[in-house]
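One structure, as structure tokens, below. Some questions next.
Each chain gets a letter, A, B, C, D, E and F, in the order it is written, and its residues are counted from 1.
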């Protein structure tokens, strides 16, 4: 029942305030050159969805097809993605662009970036084929590679990461982080697009996994739920603000396994083939072949403990 | 292929059972006064989305606009929200309303509540401007305030929380929790709408954060993923049921930092400026300026440990 | 601006590569018998949504109805689900079907399975009525059973689990895991459809909860956020691949409470009425009535600790 | 490309003008009593669609069902229509309502009207069963009654008319004409909701058919495309405005056939069993059993006629 | 406001009546063999839309593409249409199928029909290229062939007709008429799918055009709005029902022009190159080269005529 | 059932043919300068819908608002239309643009055109206020101006025409005709955007009305269903093609009434205040105050006429 309405004067004043205070964000005022709208989260989400159906053809979207016909669907989806992503890249470039003559430059660069991004998709797909195998082989509960594709959050998060990382490498602003947050929201796996992740990576369950922006991860690494690969501290500049861009996250070498809830902080190295136990807290480098577990103290049983 | 269909008799009997057993929930039977449908989760989600585009104008939704025109979009969106939320508030009031003459009372109260809620939006926006700054300044990986708005789950969860808390303060049943769960589902950050959170709050990554209903959090607090601010125990009444409404969650004073995985339980106080280390388990108050870390026992390395 | 387009030759070659590399997945080639499309994640998500509105009638979907009319909505929704799920079951059976004459067998079996699945819904609803009561009684912040239905992720995850488990028991491939991942994505609660969970189960907050495929959980169990009921190790076969289907997850007996962040691994038994404290790491069986907490070492305070 | 935007001042002034000039319509200002929004054309269209699926169960909408299950779909659709139409009737009553105390009266009357309207649906369906038979028997190109339901515009227009006429009889403002225009837009058949049409009515092709507000049509009448049953003149009042509500359209008795393009004007009577030929222009009554054709003059052939 | 609801007993009784009376249609009871749902009007409309974008690539739908990429979109759209139309053909065959063993026959025939239908599309497109040229050349107001494709109802109606006619030739029940009615509803042009229409056909404006089931139309024919090519009378069988399938509509030879409002009835022949003037009523054959106009009587002016 | 699929080779060959034959249209190849996609019919339809809600605020769309708030909705809708129409105008200009340096020219001109178009909307609205009054006063069945807005196809067709005509005057290619065909499809009223129509125009019922491109219509003219204001003949150029742009449709002076089915052809003038009777065929000018009816011959009754 909309019987009565608000006093228009109050409404006007609220709108007025909201318009004024939003000056605190002022996203558009800062773009004297391009004056474009910001990239759209909704469209980036659609692009992520479409790319998933392109990279795993036959598994998602409207591609209920076989063999040759699949090619049409891949081509049509890719052609659509091409247009959408080029527009979003252009907006993102304009967002970061300060010179008032730069508009056409942004348009041209967005085309070039799109071209290079699309050209990297086959290689990304090749890596995902291996990642899927790693998931299938790494989890006894996984009954087929198809199940890994259709139902493993780690495979989805990794697919989005490899896409976001490619855009990150092409120095596109904003979009890589928007993509990684889309995957984070859907899976609870938070991989910064700057992270470099090798082949056959597998993360099972995945909720709460955090992989920082300057992480370097080798091949055949396995990571379980709740693992943090984070920064220990970060430098502050003279104004007390954190310095951006400094390497501050771990290097994980090939064939490392990190069990659930482990926390690995700072620019340390976990040597090849190491196993980091569940809930371990690690802030210094360990050599190849290490086996790290928590102290046994935690295993004590206090039968009579009442409070929790 | 729908060649054959189920025996209608079986179908009838399943429907019959489902109708009968659903009496166990009986949501509508308990409303002798108003007999309204329950609030709609789908519409609450749409309201959350619309309010986000109002509070961060130019960042979300269809508002690809600049300067003055933004005002139209804010006004139009707000006018739509006004109608929708008034209807949902009315339903929520009717849900909790027991007296059979109370219908018109619910309609009138929902209007008054809506008016007050909308009037609080500019103040909420003002706080969010500061929260965004806190996110930008608190994370070296964050390259602009815009990135914080577009891609930080903590900013979104906090925006929804500040909205939900405003409705909670207006004593609206059901809706605040529905909103907080919408944010929880999208981000993994679970803030009870009853929690009181000060200015410039920042939570990074956020997955697994739990902030209880009676928490009180000061200004400039930072919280990382997997942190629990929970209850230690709760009182049971004579029937063995938990007593509702008792203060049972921590008080976190200004300028506290709580690192990932820390668990802080009970009505204790973490003094101003304290730093609580990762994975710390804390169940008693600590004074201002405390630095709490886990014991070093966990840092031991057991090179020969075989099974994990 | 779509002013210019990509060189068609490059585009062709990308599509060609994507088509070829996708042979690494080859989902359809392996189905010489049925050659059906794979089950659709989107439709499974719609089925989960529709079933939720059937099991909690009046709380979700378009069912803003009372009393008798509810019956029509339940029947109509169920009849729609019947068709959709039968088709998805058929696709899932065909996916796993190897014999080229099996097509009609898959169609027939999908009908029989659908019949049995639908017939199990009233029993599932009956259990959910109890689960909702457990949530209401288990959390002092929960003000009504309706709030538990509308806003508790644990209730939703459990509803989907009970559905997925029913399909798992009927030996349907793929679909149960697709369903459990839909709930995992929405709630952060990851329950393998194979897990057997007793009555009045309650998980609060839930983010990061992992419950493995061969878990057996008794009645009246409570589990908080971040709890893992996982495998400690798993057997490898002669090729170094994990052996599938071996019991490897815990047995949790009746009336156990497991607090947040606890990790319980391996085919061990937690005896009836035990309480497992937060962050506890447990890899061996404990008798009935145990109270397990972490060692006190972690409670030490290091006031002067600088770096985190 | 949204590179540049309009001068906000111009935009403001356009909006200002549009707001001011729209005062010429002022739909809402005239409702001092109820101040409701107007009925929604979009929702009326949805209601027409839903009612079609209820009246022809199994032919439209999501009702791909057989036998008993159909009942659920009919009930669910009808329950949805009930809510929607009650709200639209209330708006329509409020629109026409002038007394400031009348709000609750409108709510109550809308409920009573909805009740009576729904109760008339079975009778409407009964008439439509006969109308479908008339279409099947009246057109040699129609191969089954099902084809008449699925593909004959006359059947659809008549179904909507019978619905609109029921609301017209219940003295609901606005809605009947909105419904008839929905059918007119879809079929080119324009039947005023006030027209009274007997059983087994059939109009083939139908484009351009116009049937006026005070027409009375008997049973078993057939009408072809382009037929007008209109007013010849209408009375003007002292201000020169047409007097509303005066009988001014033809009475067509039982068993009359009117061929394409015929125009019948004024409050005349076409006697039972008459046949009115194509393109005939008729402005006076004809007795039962008449056969009216155009004069033969028009049949002359002018072989050498050059201009068209 | 849904404050009060209808007495459930009345509701039940209405649903009961609607279910019972709908037995008058009984669409499904008559299909002892296949028991399939009826074809879906909504899906047929989507198929028409998709086929339009395939036949006029680049003009409709999401195909904002050039050159080579267009191929992907055509292929993807066609592959989607293939699946949808095969399912609808199967339903239509089952609808008309009476033998209880015929299910598999319908499935097989639907595949064969779909194959043949798709194979006819290039030829249909070839004809449409010519039809578009005819429209462009036939109307001085048409400024480009593209305008004819984008904005001429006659081109759309003809495209749908050529599709519907192909299905008619393949003896598919129901679907051809459903398609022709979709075009009729959108354009006011009613062409029965059985009509045979030659090359370079053009109908301008088109509203009210009716072309009967057994019409045969030559090449380069032009037809204006309101033209009827209908049956004069039709035979009745011994029961007084019209005999189906008898040739009863005109034959229009090559290069005929028929101006607006002309009515041509019966199995007569309009000879090659004839011109039929506006509003002419013609019920006998005319030789090649005829010029037919109405008698001049109608041109008289009655200055003093008062009533209309 | 998608059990089997088409031979990919056949599919490939169909796609190949469709791609090749579509070269007959070649919409994009002809744009060497801009190479833009064509304007989108779907978006033009959305623009028409949005503009209707702007011109009749409170009657359509989501604007269920009163007084002041309406302003926000008008502004927001207009700002959205601004972006959409500017993009479509740019595409339309590029479509007609032949010089390869003209891209930026098209972008700039589309902005200027959009500005001028939007500035003309208040004047259009002012005219529509009068048109609505004319409808209300012209039809005794019309009970309020609101009914005319909500349910009269003539009002809708005229609103779209006034919009399309404004774009026509601004020399935008394609879009005006696309708009007029959208209104034609919805109402059966076909007004060429070039036609100049005075104030207080009213067309009742409207199905089959055709108003040609070079018509000039004065103030207070009334036109009924099935009226054609067309061309009699048109000039052919040396190639036998019609010459475009020549005045060839009637001039209708102020206060003329034209009854249903009348056909008026050629560049003739119908003098002020004339009344043209139903079905009249008129191909020469008539002076002011004429009363034209058909000869009486047609009123003869042939009682014994058997055939129709």
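FYI, a contact is a pair of C-beta atoms (placed from the backbone, for glycine too) under 8 Å apart; a residue touches a chain by one contact, two chains touch by 3 or more.
Remember, predicted model here, so these are calculated numbers, not experimental data.
Across C-E and D-F, it is D-F that has more C-beta pairs touching.
At the subunit E-subunit F interface, residue numbers used by both copies make up under half of all numbers present, so the two copies contact each other through mostly different positions. In this assembly, the C-alpha centroid of subunit D lies 24 Å from the C-alpha centroid of subunit E. In this assembly, the C-alpha centroid of subunit A lies 56 Å from the C-alpha centroid of subunit D.
Residue positions of subunit B touching 2 or more other chains: 1-5, 11, 15, 35, 37, 64-67, 69, 71-72, 74-75, 78-79, 83, 188, 207-208, 226, 261, 265, 278-279, 283, 294-295, 297-298, 308. Residues 2, 5, 8, 11-12, 15, 64-69, 72 of subunit E touch subunit C in their complex.
Touching subunit D in their complex are the following residues of subunit C: 1, 62, 64-65, 69, 71-80, 83. Here subunit D touches subunit F in the complex through residues 1-6, 10-11, 14-19, 21-22, 24-25, 27-29, 35, 37-41, 95, 173-174, 177-178, 180-181, 184-185, 188, 190, 192, 194, 207-208, 210, 212-213, 226, 228, 230-231, 234-235, 241-246, 248, 257, 259, 261, 263, 265, 275, 277-283, 286, 289-295, 297-298, 307-308, going by the rule given at the top. By the touch criterion given at the top, residues 54-60, 64-67, 70-71, 74-75, 78-79, 82-83, 86-87, 90, 107, 111, 114-115, 118-119, 121-122, 125-126, 129, 132, 137-141, 143, 145-147, 149-153, 186-188, 205, 207-208, 225-226, 232-233, 260-261, 265, 278-279, 283, 294-295, 297-306, 308 of subunit B touch subunit A in their complex.
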